[in-house]
Amino acid sequence: MPEAFASSPPPRTIAGLLTARRGRGRLHWTDVFSYAYLGLGVLLMFGPVVWLTLSSFKTASGLLEFPPTLFPLGQIEVEVEGYDDPLPLYRVTEEDGTARELAQIRRIGIIAQMVDPADPDTTIKVPIRQREAVREFRVAWENYSAPLQRFNFLTYLQNSVVVTVAATIVTLLINSMAAYGLAIYEFKGRNAIMLFVIGTLMIPITVILVPVYLVVTELGMINSLWGVILPGAATPTGVFLLRQYMLTIPRDLIEAARMDKASEWVIYWRVVLPLATPAIAVLAIFSIMWRWNDFLWPLIVLNRSEVYTLQVGLNAFQGELDVQWHFVLAMTVVTLIPVVLVFAFLQRFITTGIASTGMK
Amino acid sequence: MRPETHRLTVGAAAAAPMNLLGSLIELPFKAIQRLVGIRGMPYIFLVPNLGFFGIFVVIPLFINFAFSLTGGTNLFLSDRVYTGTEQYGFLLDCENFADSGSCREDRFWRGIYNTMVFVVFQVGFLVLFSLVTALILNRKIRGRGFFRAVYFFPVLLSPVVVALIWKWILLRDGILNAFLVTIGLEKILFFVSPQWAMFWAIFVSIWAHMGFYTLILLAGLQAIPPDLYEAAEMDGTSKERIFWRITLPLLWPNMLVVIVLALIKGVQIFDEVYVLTGGGPGTATQFIVQYIYNTGFTNQVQNFGLASAASVILGAVLFALTLMQLAAVRRKDSA
Amino acid sequence: MRTRKTTFMSAGALALAMAATSVAAETNLRMTWYNDGIEGEVMRDLLDRFEADNPDITVTLDVVPYKAILESLPVQLAAGEGPDLARVTDLGGLSEHYLDLTPLISDPAYWEDSFGPFLKWLRQPGDDSSISGFMTQLTVTGPYANRTLFEQAGIDLPGEGATWDDWAKAVNEVADALEIPIPMAWDRSGHRVSGPAISMGAMMFDADGNPALVDDGLKAMTQRLYDWHQDGTMAKELWGSVSGSSYLGANEDFANAQVVMYMSGSWQIPQFAGTIGDAFDWWAVPAPCGPAACSGMPGGAALVAMKDTEHPEEVGTLMDYLSSEDVLAEFYGRTLFIPGHLGLASGGVEFDTEDPRAKHALETFAGAVPTISSIAFDLQGYPSNRVMFNALISRLGEAIVGEISLEDAYDRMEQDIEQQLAEKARN
């Protein structure tokens, strides 16, 4: 099946389950349903991420408000003659229903002492239930700047990039070699090895965390980026995906190359790899995402700050007793940025790539 | 589909250095090929990958199995106490396997039951929604590329981020409850009710993974030859019949891949739900991998032996699923 | 336990770090640290000064998520890959990895005098002399009340000597009057429950000093907690909404004035001073009473030295500096932590806050230390106390959400403790 995709399939005249739109310009109920479904999809898929981003710009106390405000707001403070510090501004509703804006000097119990900025000499006592903070749109950049200044952000970023790039290169190389071996040759033990590859697909890394840690310790790779790069390099998913794709490459090409006395390596490198580019691109993107997002494993292997990856470094805000949500949200957005960028630039490439590998 | 595939040729710019690199590596490989002959070459190509598999997967699996036969809290195998099958006996010590309350290790069994419930609903709805989405995306609609990307986007997020995003929405004072209050309803404490917690665990994992499965199904749909539809339309076959008689049977191989992959990933569910619900309320969303993680890792007495025994049992279950997949693949190949 | 030589690769990483900080013959010490607030910054300031005084020693602060302290650090230490020093909370549980500083510090007598009762918490059973570290923070559990809500409802705060039942009644009246959703909230933590349980007469240990968690005193408190969750005094979302031993605090709800009374502890002070500030009077109140006592639980985090360090001399020098009275006074003062230093505890610390509520809370909690029951101190010093806390909290949580009955929960608690201690005893 996949060959059909590698080359361009002809444009479809009829597409889809209940087929295409009925008459031109006339909407069938299935069209309405489709667009409603897709519209809801956009809201459901993007909305949460947008909400996270908006929330990340709120102050710690702003995050606690209920009902939450859509945009980040901060209370307005005004300079009042006779007071050294700016005072917070409130809208006070009097008993008779009139409202005016007053600055608060201090609060004692349930009574606030307030002052009219226009008349700084008279102090007014207001029950706190009658006042409401006056706020304006204000972005809490400090959620971002404070943690980024406190840590070696650039070091973490560099480590993350090194891990992601190195791991992806190693993964692509060894996985594609293995896939080539399994796809192109008939040899003794091939089925056993395939079975083994599929079998390892089943094992969640979480359950063998401690044994892998022991192995990495024996190899002396604790606190080394290699300890993060190598253990996950031989992905069964990658071998499986590439092998399925390579099976579809016409044998004649390989036979022709052998006739030309090309060595097996050249056939792999010059003939098969270029033809498998769509599948390799898909694996590359997945590998980048896996490595960029990896958290549990680096947290165990890396305990020196100069080798921290971003995910480890930025999660240092999760304390024992206090989750500093404003930092957590902001740092989550920071780790999201590269993902969003990759997605924005490569989304057509990614989605068509996965579709074209066909996952036979 | 079509125009994008040509973008791949952009990679041609990287060809020159790649060729150089290829020629450099070719020298040792040529020598090896002269030594072992073409028949030996597949093994050579497999060596690096299998080497890594061996070191970082197979050896740990053996250590894991060895752990399951030992007790105590020491990390190194040589310091651990041999206990035989005691850990397995402890896990399997039940008066009545249908009632987790009658088991010595009730949480292990509750983890298994929770995982079963989760997998049935999650896989069912995941396949259903992926199918509906793929069918809709396969129609002639405006902005198909955009919508396809929209559904795929969450696949790229890390499980921790996915869970954080939704947790932030579902908290008591989160935006969803604010919405409920605005339309005149009461706040719902989603993480207090076992049913709601399970619902959201399933919902969020579908949200995060649906895009991937949708693409696989979409690929299958697009591979169905259009003439089949044309012929059927000319015969005056009804839409429903076309769906049941043409679309679904031809899509079946891809459906099988989706079902089997979803099944495997479903049984392995851990980080998303762990961050989202923490396994609660009570143990309502505590799944089998979380049980293993807690036992071996988060408890003060890190019980590697018991955790390993549980993971060996999980491995046996997963192996059964593998056999199912192989059987499915074989049926598909013969189809 | 085996030690492992730093190998080629990690040596490379180390060399990289050292190259960045120049000078060949200097020693680099690694301190694994976690943050709840600004304590990491304060510690860095102090370390900078130490490095200026000791040009041949550098100290790197490796800040990790708290999760790593609890879960990864034990594995790293067991594998011989741990840091030189670490800030830990599982004080007794990790004690097999601690270094005895006695020969390395200049004045062990000062340590005994200043940290005496807390040094015990860092020792293994049978050891009564080693000195391994000091408390970066002493915590005392106790409740906060939203005094502004009490005033608005026109109800008096229960005073000194009020019982848990008095408080339950009062907070319900306030909540009813003002339509506050959560009358009372407790952190979901076994440590938090233990103080009140001891007040109700729980003994925690049998006559031989072995854990005996479930007794009538404990049942009296857990029964109340159970009932409070059923009658709405407490909201199920805290205790019900996560599983196992996961910690969950109500600090956000309290800061949002959704909670009348919040059972937590002294570590909330710096945070409340920031997030609540002046918005309402968050008022630390003395631990409510039961028939046996009016006790909270002591606890906290300690900075400890690890025995696998390759630079014990330098670790000793560093600990000498950090434990000195004026350095600690600055540390506690700036972080708003209750001092874990006996000399400083009696008024030796200038707390760096203008907030009268924070000052009152610091005084209240520091003043509560003498009222803490000796059972609570023993429990805090018991190396496997987390096994007890976890069993208590996870099973009680399951009972509260209705998965098992309270009676079954008691049985399961005892089984859990017995099984885990048996596993540990196999070594």
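We call the chains A, B and C, going by the order they appear; numbering starts again at 1 in every chain.
As a working rule, contacts are C-beta pairs under 8 Å (C-beta built on N, C-alpha and C of every residue); 3 or more make two chains touch, one makes a residue touch a chain.
Computed from a predicted structure; not experimentally measured.
Whose Cα centre is nearest the centre of all Cα atoms in view?
Closest to the centre of all protein C-alpha atoms: chain A.
Of every pair of chains, which is linked by the largest number of C-beta contacts?
A-B
Would you kindly tell me how far, in whole Å, the mean C-alpha position of subunit C lies from that of subunit B?
A distance of 38 Å separates the two centres.
For subunit A versus subunit B, what separation do you get between their C-alpha means, in angstrom?
17
Using the average of all C-alpha atoms in each chain as its centre, how far is it in Å between subunit A and subunit C?
33
Residues of subunit C touching 2+ other chains?
71, 75, 79, 252, 256, 258
By residue number and range, which residues of subunit A touch two or more other chains?
64-66, 210, 214
Give me the residue numbers in subunit B that touch at least two other chains, ranges are fine.
75-76, 173, 297
Can you tell me which positions in subunit B touch subunit C when the two form their complex?
Interface residues on the subunit B side: 71-76, 79, 81, 83, 90, 101, 104, 106, 172-173, 189, 191-192, 194, 197, 277-286, 294, 297-303, 305-306.
What residues on subunit A touch subunit B, complex-wise?
For this pair, the touching residues of subunit A are 1, 4-6, 8-21, 30-31, 34-35, 37-38, 41-42, 44-46, 48-49, 51-52, 55, 64-68, 173-175, 177-178, 180-182, 184-185, 187, 190, 193, 195-196, 198-204, 206-212, 214-215, 219, 230-234, 236, 239, 263-266, 268-270, 277-278, 281, 289, 292-296, 311, 328-329, 332, 335-336, 339, 342-343, 347-352, 354-360.
For subunit B, which residues are in contact with subunit A within the complex?
1-2, 4-5, 7-8, 11, 19, 22, 25-26, 29-30, 33, 38-39, 41-46, 48-53, 55-57, 59-61, 63-64, 67, 75-77, 132-133, 135-136, 138-141, 145, 147-154, 156-161, 164-166, 168-169, 173-175, 177-178, 181-182, 207, 212, 215-216, 218-223, 226, 229-230, 233, 239, 242-243, 247, 253-254, 257, 264, 268, 270-271, 289, 292-293, 296-297, 304, 307, 311, 314-315, 318-319, 321-322, 325-326
Once bound in the complex, which stretches of subunit C touch subunit B?
My answer: residues 2, 70-71, 74-75, 78-79, 90, 93, 235-237, 240-246, 248, 252-253, 256, 258, 384, 386-387, 390, 397-398, 400-404, 408, 412, 415, 419-421, 423-424, 426-427.
Contact residues on subunit C for subunit A in the complex?
Residues 4, 7-10, 12-14, 16-17, 20, 30, 32, 34-37, 40-41, 60-69, 71-73, 75-76, 79-83, 89, 147-148, 151-152, 187, 247, 249, 251-252, 255-256, 258, 267-268, 271, 274-279, 281, 301.
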